[in-house]
Structure formats: structure tokens, C-alpha cells
Amino acid sequence: MNLRVVKFLFEEAFISLRQNVLMATIAIMTISISLIILAVFLLLFFDINSAIGGVSRNLTIVTYLDKEITSSGISKVEEQFALITGIKNVEFVSKEDAWKKMKDKFKYQEDIVNLVQGNPLPDSFVLTLESPDKIEDVAKELKLVEGVSDVRFGKEVVSKLRMFVQVFNYVGLSVVGFLLLATLLIIINTINLTILAKKFEVEIMKLVGATNNFVKWCFRIEGLVMGFLGAIVAIVIVDGIFSFVTYKIHMVFPFISVFTQGLSIITLNIFLLCLGLIIGLIGSSISIKSLLKSILKK
Amino acid sequence: MNLRVVKFLFEEAFISLRQNVLMATIAIMTISISLIILAVFLLLFFDINSAIGGVSRNLTIVTYLDKEITSSGISKVEEQFALITGIKNVEFVSKEDAWKKMKDKFKYQEDIVNLVQGNPLPDSFVLTLESPDKIEDVAKELKLVEGVSDVRFGKEVVSKLRMFVQVFNYVGLSVVGFLLLATLLIIINTINLTILAKKFEVEIMKLVGATNNFVKWCFRIEGLVMGFLGAIVAIVIVDGIFSFVTYKIHMVFPFISVFTQGLSIITLNIFLLCLGLIIGLIGSSISIKSLLKSILKK
Amino acid sequence: MIRLRNVTKTYNKSFTVLQRINLHISKDEFVFLVGPTGAGKTTLIKLILREEVPDSGSVYIDKVNTRDFNENQTSKLRKNIGVIFQDFKVFNRSIYENLAFVLKIQGEKKKIIKEKIDTVISLVGLEKKLHLHPFQLSGGEKQKACLARAIINRPLVLLADEPTGNLDPDASWEIMQILSKINQQNTTVVVATHDKHIVDMMRKRVIALHGGNIIRDQQLGKYNHEP
Amino acid sequence: MIRLRNVTKTYNKSFTVLQRINLHISKDEFVFLVGPTGAGKTTLIKLILREEVPDSGSVYIDKVNTRDFNENQTSKLRKNIGVIFQDFKVFNRSIYENLAFVLKIQGEKKKIIKEKIDTVISLVGLEKKLHLHPFQLSGGEKQKACLARAIINRPLVLLADEPTGNLDPDASWEIMQILSKINQQNTTVVVATHDKHIVDMMRKRVIALHGGNIIRDQQLGKYNHEP
């Protein structure tokens, strides 16, 4: 294909779209809507996912040290910790601090606290992990470090969280996958409807000598253009909704930070654009191919 | 309209659908897909909503009684509680039970517990509420009861939960509303595309003397039939997915009970059917009306 | 039956097709409309059918001015006018369905619909093609099917726009005989045609259009569209 | 140029339109195809255009059997054949776009497209209608536009199916002169028509179809489709 043909194909696509502007507009609108649905759920999925990630990242392991440990022993333990992979942050909590916190926590049970003489608590390290996945393994390694008397973490919380993540990803990915499929089908169907309505046009094209390839490319480019326009409209609306919702949520729940760590809006825009173009092309290819076949058979 | 005309209108609708079976099939498919999307999210929304409801219902208020209270005093307090609305369940926890639990909880801090002599804890009632909404009001009323020394509930948990419910409903309802709108638009657009493709037919109808009303009802019934078929297909698929997912989740997470308290599948089916019929009717009405107008103008 | 008073029709606000046309066709008449291509024959027929409305002047059908017809009155008018359109305008359905539609919108019963179709289809000789779709018919057969649709309702007025353009001379002559017979049964017949032979043979009233005007209106006329 | 060998064409596996037709039309010929409605004239033209393929027998264009043409060969064939279809088959676009399309698929440059359209449109006298859409044209004007589309490419073969059905006698005669001139410029012309007057005046080869057979094939023939 030389450049003139490409130029002509685009011209044809625009003539064809202009021929039934209303139909084209409606089709493009439908493409936009289904892309918007998809985009909204991608945003939700990734954002909730990252929110869960945030919770997971806050899981900590508390390592209690021997009561008789010296300050040089403490630094030795800390050095050992540096050798263990998967630890993101290490915070030392002296037994004094721990006791203060404890007293704070049991304010109501004052009587109990007052009954205690001296400080019964040991020094400890609070460790943050890079990921909660290997928390058991890390805990085991920590136990082996000399000077560590006990290692504690919320076993129940970890397992609940893990289950939740599993369910969420299971459901979320199924839903996103299902939506992707549904979007594909809706867009392909819509393009198919607009092309079926042009059966008569295609018949004439063939009768005056247009090759199948020529006809196919005319409609492919038409599909591409529709997909492109649909994606652009979707992007504008999604970005609008996004800004509005971010703003609105910020007003209502100023303490929540939304849409910060999830899917970046630019990635999403690029994804929508590619999707629009690709489905536009594929949808029109399928439709025109089957239409040409049906014309041949008649 | 007499019965013969109604019969004829249905005949016309089927002739018209048969005239371009492929187009009709594609349109019905699109209608199904968008209804399925809506249904999936309604199920998810209502199910998560009811799951949250479950969590809320487990919120409790602990009422500590005066240390010197007599057993007749305890029953008096209980009688008073019966007068307060909004309490679903009342459970008495004796100071002995409470101390046992406390000891259990602080196993690690054995030293502290061992330092305590006797039982420093009072008797208490654990109350379950009908709804967490009025928890503060109920707590206030409880405080006024004679024999009650203190009333405690997880203020932080309640406020966090409330916020979560608020955010969830905010987001969830927005999403469901948005999806409903999107579904409506997709279905209306799809029907519009099939009707636009029949412009030539409508022109002939008008020229041989069909009234606007007649033409409108032909296409309305066609829209109704498409909406009906689309809804039926959607219902079959949604019910299929539902059974499959329930089964699958039961396999993978046998301890979770899903889809039990949310939206009943029968309600959903009826909703989808009505929606299909109504949008089919409305969509075709809008389309044929604007088509007739455009023909008149030309 | 049909009266045009000072009718002017302009397309796109600039191209005047008919200019101050005055015309009266009475109930029992059979009229040929002739004129070169683009003279406005089809436009005149569209005006009578109220597919188009005049820019100025009035069209009276059965003494009623159609100018201010609403949608319902227009439908009623069209139910009483049978038309053979120059470009056929048939549904992409079987001939049977095409014919049945016209009767169905009148609320006819199934049985009567079947009877009427049988009668009219044998009149035009398309019995074997009754269940074919238009794209399966030859040009002439399509034209005959259009005639059948136009007369199935025994209309008050029959408008035939180039009804023999795709027919051989013998078939054309047969069609003319059918139109003649319908005319005798009290239907006003208006035929727009280029078929010199037929016009000359039929010896009916001939109205010749040219340059937006009626340049000749003759009883027992001949085809001649020269000014 | 065109040769049919024992061509049989049956529709719906039961209705035989053409039966063992043998026919040869050489490069420089101008041929009329006559026959009553439904005789198979359009079917014959469709066979030449390879819009239909024969059930048995072969169609040769320029000595090549078109039976086993693939899609590309068919396109190439059609680019060399100009056709005036009985039912027009024009795009719902302006006449200009309709004409341009035929040239565009040949990969012509914009400038040349414009030139060629200008030439051909003045030949058929539709200069003022160039940017109108088909539904804005009269029947005869549409027919002329189809002629313009058929000849714009200087095709090797010109197939005209009832090209004067919507034209007045004068316009018909003009069109015939154009076809004649094109024939003299080395295009094979096949005209299917019912216009007795024109066939009789032109004195060209006349092939008469009837009942699925060629019942007459005469040089300098007259219109006469009686067996």
C-alpha cells in the first residue's frame, strides 16, 4: 500500500462515517460508555488493592529481647537483623517506653497496673516487613538470633488478611476479566451493527471492482477511527470523573487519601486508547470479513 | 387498539426481526451483556453490604456494674435494660469469668497477672445492639441505670466502621447508579442502531399510509421483544455464573458463606426482566420517534 | 378529485421545479403526465401524495386542502391513494408480505388479506413469485408487484410513476389495460411516463410539463414533449 | 471478447433461467439483448460480471474462463467492465463521490479524478447535479449518472441493463449516441432493453432471449421478442 491509498482509505472512512453521522455518533458513544465502565473498575480494583497493600505493609513483628541484655548485645542483635532479607524497618522500643505504653493502654485497669512493682517488660524491636507473605519465615529466622527471647506477630490478623487478599484478588480479577470481555463484546457488536447497516454499500463496492482487501481496509480504518474517538471521549470523561471524585472525597473524608497509589491515570489513559484502537480494528475486521462472506454466498 | 391489531403488531415485530436476524441477534447479545454487567455488580454490592452488616451486628457494649452489687441488684439492672429500646441481646459476665478471660489474654505478661492478688474486676453485662447506629444513645441510657458503674464500647471501631460503611455505600451506590445509567444508554443505543438501519422500511410504511402510531408501536414491540430476549439470556447466564461461583467459592473457601444474605437471585431475575422490558420499550420509543421526525423533516 | 392551485415547488430554496401550476383532474379521468427528464413529474406526484408540500399554492384532494393536514389525515389520505413509485419502494420482504402490509394497516382480517392478494397477484401474473423477495425478482416483475400493491386496496386515486419502464411492449400494454379497467371502476388514474408508444395508443388526456410549467393539456392527446 | 459456452443458470435449484446458452460477442460489437420480462437478460449480464456463476458451462471474457476466478481476479475483471445496473446501485453519497470511488479504487490521483469527472459529467449533462445525492435526483438523472459511472473508466466492456427505462425518447436517443461513440472507441457494448423504438432505429445486432433460450440472433436486427 502506498501513501495515496492510505490517505484515500482514511478519506473513505470519514465519508462513510459522515454518511450516517447519527449512527456513527451512537456507536462511538456506546464504545465510550463501555470503556468508561471498564476504566472505573480498573481504578477501583487497583486502588482497593493498593489500600490493602497499605494495610499489609503496616503489619509488624515484635521481637522481645532477653531481660538481661546489654546495650552492646542490643546492637549485636540489630546487626544480625540487617542480615535477614525482607525486613524494611527496624525500630527499637526500650523497656521503659514499653511500660509507659502499657500503662497508657490499661488506664481503666489502673488497679492492676498499680499492683505491679517495677517494670516487668523486656526491651524489644518492632520490625516492619517488605511484604507480609514471608512473615512466618522471617519470624523463624529472628528466633535464632542470639539475644532474642521471643518473637510475636498477629498470626490471626496475618491469616485473615491473607485470606481477604486472596478472595479480593480472586473476585476482583474475575470481575475485571469479565468486564474486559464484556467491553470487547459490546464494542465489537456495536461496530458490527454499524457495518451490517452498510451491506448495500459493500455490495456496490464489490460490483464496481473494489478488492476484498480494499473494502476490508476501508472498514477497518472506520473501526479504528470509531475506536479512537470512543477512547478519547472515554478518557476525557474518566479523567473528569476522577478529578471530581478525588475532589469530592477529599471534601467529605479529608483524612482519606484516595487514588494515590493505585493505577496511575496516565497509564489508564494509554490503556484505554490502545484498547479502543485495537478493539476498533479487530471488531471491524471481524464484521467486514463475515459481511463479505455473506455477500459472496448470496 | 383491538386484539387483532395487537396480534398484528407482534407479527410485524417478528417479521422485522427475522428480516435481519444477524442484526437482531447481535443487538440482543449486547443487551444481555450489559444486563449481566449490571447484575454482577448488584450481586457484589448487596453481598458486601450484607457482609458489612454482619460485622456491625457483632458490635457489643460492655456495662461494668458496681463492685458491691448484690445478685438482686444485678437482676434489677437487667430489668432496667429490658426497658431500653435497641438492645438485641444481654449476656451477663460474672467477675470470675472476666478475670479468667483476662488471665488468658495476658498469658505472656504472666508476671503482671501474678503480681495481682484477688480479682480486681467487676461483674458486667455484654450487650448486643439491633443496629450500631444509636450506640452512643444507648450507652448514655445505660449509664443512667442504677448499679452501672461504667459503660464501654469500641468508640474507635464504631467510628471506623461507620466511616467505612459510609464510604462503601457512597462508592457502591455511585457505581451501581453509574452502571445502571451506562446499561440504559448501551441498550438504548443498541436498539437505536437497529432501528436506524430500518430507515428505508419506515419511509415505505409511512408512504403506504401507516400512521405514526402504528409505526411507533411496531418498533416499540420490536424493542420490547429484544429487551425481553436479552433479559432472558442475561438471567440464564447470571444464574449460571451465580451457581458456579457459589459452588467454586465453597470449594476454595469452604468456611465463607457467600451470597446468602445479599440480593436474592429471584429478586434479581425479576429486576433484570423488568429492566429489559422497560428499556426495550423506552429505547425503541425514543429511537423511532426521532427517526420519524427526521423522515418528516427531509 | 385532484386540484392544484398556483402550486410552486422549490428544492433547496433555489431550484424551482414547478411554477404556479394550476391543474384539475376529475374523478373519472385517466391522465398521462409527460415531460423530459427532470421536468417535475415525480415531484407533482409527491405533492399529490403529500410526500412533499408546495412552497406556495394549494393541493386539493376531493375538495380538501392538504396543506394543513396533520399526521393522521396524511395517513388517511395515503390509504386512499395507490402509488407505483418510480424507484419501487418495496420492503425487503416477500411479495406476499409487501402486499399484506397495506391491508394490515387497514385492519383487515387474515382471510380477507389472503383472498385479496390471490386476486391481485393473478391479475398481474406473479403467482409463482409470490413468496420471493424483491431482490429475487426481475425489474419487470418488481414493477408488476408494485402495481399489485397499488391497486390491492381499490384506491380512489392511482398514481403510477413510470410504471412500464422495465417492461416489454406487450407487458406494458397489458398493464395499461389493467389501469384502464381500474379507471372504469371509478379510480382516478395519473400515469407519469416516457413511453411514447403507449401514450399515442391510449388516446387519453395528456398533460405535458416543461421548464416548470404545463405547456400542454390535451384530451385524446399524443406524446410530445416539445414546447 | 465475451463468449458463453453451454451456460445454464438455475435459481433456487429449481427455476432455470438460462439453458445451455451459446453466445459470442466480439470486441468491436454493439449488441442489444431483448426478451420479455423475466427472460434472463439481467441474469446474463450478471454472469458476464461474475456476480453470478453458471451452474454448468463457462463464461469467457477476453478468452479467459471466469469460472475459477478468485476474488482478486474478479475485482480486476470488474474494473474493466462498466455497468449500468437496472436498479442503479449507487452509493448514498453525492454523484461526485460515486464517480470518484470508481477511480479511487484504481489508485488515480485527485487531479486526474477531478478532470475525468468533469469530462464525463458534461457528456451526460449533469453538471448542475454533481453534488446532489441520489435521492435528490429524478429517475432519468440517476440513470444518466449511472452511465457516467459506467464509462468514466473507459472500460473494455460496457453492460447497460435497461439504460433508458426512465428517460424520455430524446434523452434516450442521446444516450444511445454516447454508447455508440464509446463502441467506436473500442468498447464492447451490450444493452439489455425493452425500448422497441431504439432497437429498431439503431440497426445493430439483436439477441432475443425467451424461455431460457436464444430464440434469435440477428445482425442489423429489429426489436421483436415473439418466438
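Per-chain numbering from 1; labels A, B, C and D assigned in written order.
Criterion: a contact is a pair of C-beta atoms (placed from the backbone, for glycine too) under 8 Å apart; a residue touches a chain by one contact, two chains touch by 3 or more.
Quantities reported herein were computed from a predicted structural model and do not represent experimental measurements.
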Taking each chain's centre as the mean of its CA atoms, the one lying farthest from the centre of chain A is chain C
Winner on contact count, chain pair A-B
Whole-Å distance, C-alpha centre of chain B to that of chain D, is 66
Chain centres from averaged Cα atoms put chain A and chain B apart, in whole Å, by 24
When centres are defined as mean Cα positions, the distance from chain A to chain D in whole Å is 61
Averaging C-alpha coordinates per chain, one finds the centres of chain C and chain D separated by a number of Å equal to 28
Touching at least 2 other chains, the residues of chain D are none
Multi-chain touching residues of chain B, meaning two or more other chains, are none
Among line, ring, star, complete and other, the chain touch graph is ring
Pairs of chains in contact here are A-B, A-D, B-C, C-D
Interface with chain A, chain D side, in the complex: residues 49, 51, 71-72, 75-81, 83, 85, 89-93, 97, 101-102, 104-105, 107, 109, 149
In their shared complex, chain D is touched by residues of chain C numbered 11, 34-38, 41-42, 86-87, 136, 138-141, 143-144, 161-162, 165-172, 194, 196-197, 223, 225
Chain B residues touching chain C in their complex are 2, 4-5, 8, 12, 15, 19, 201, 203-212, 214
Chain A contacts chain B in the complex at 20, 22-23, 26-27, 29-30, 33-34, 36-37, 40, 44, 108-109, 111-112, 115-117, 120-121, 150, 152, 163, 166-167, 170-171, 175, 178-179, 182, 185-186, 189-190, 192-194, 196-197, 245, 252-253, 256, 294
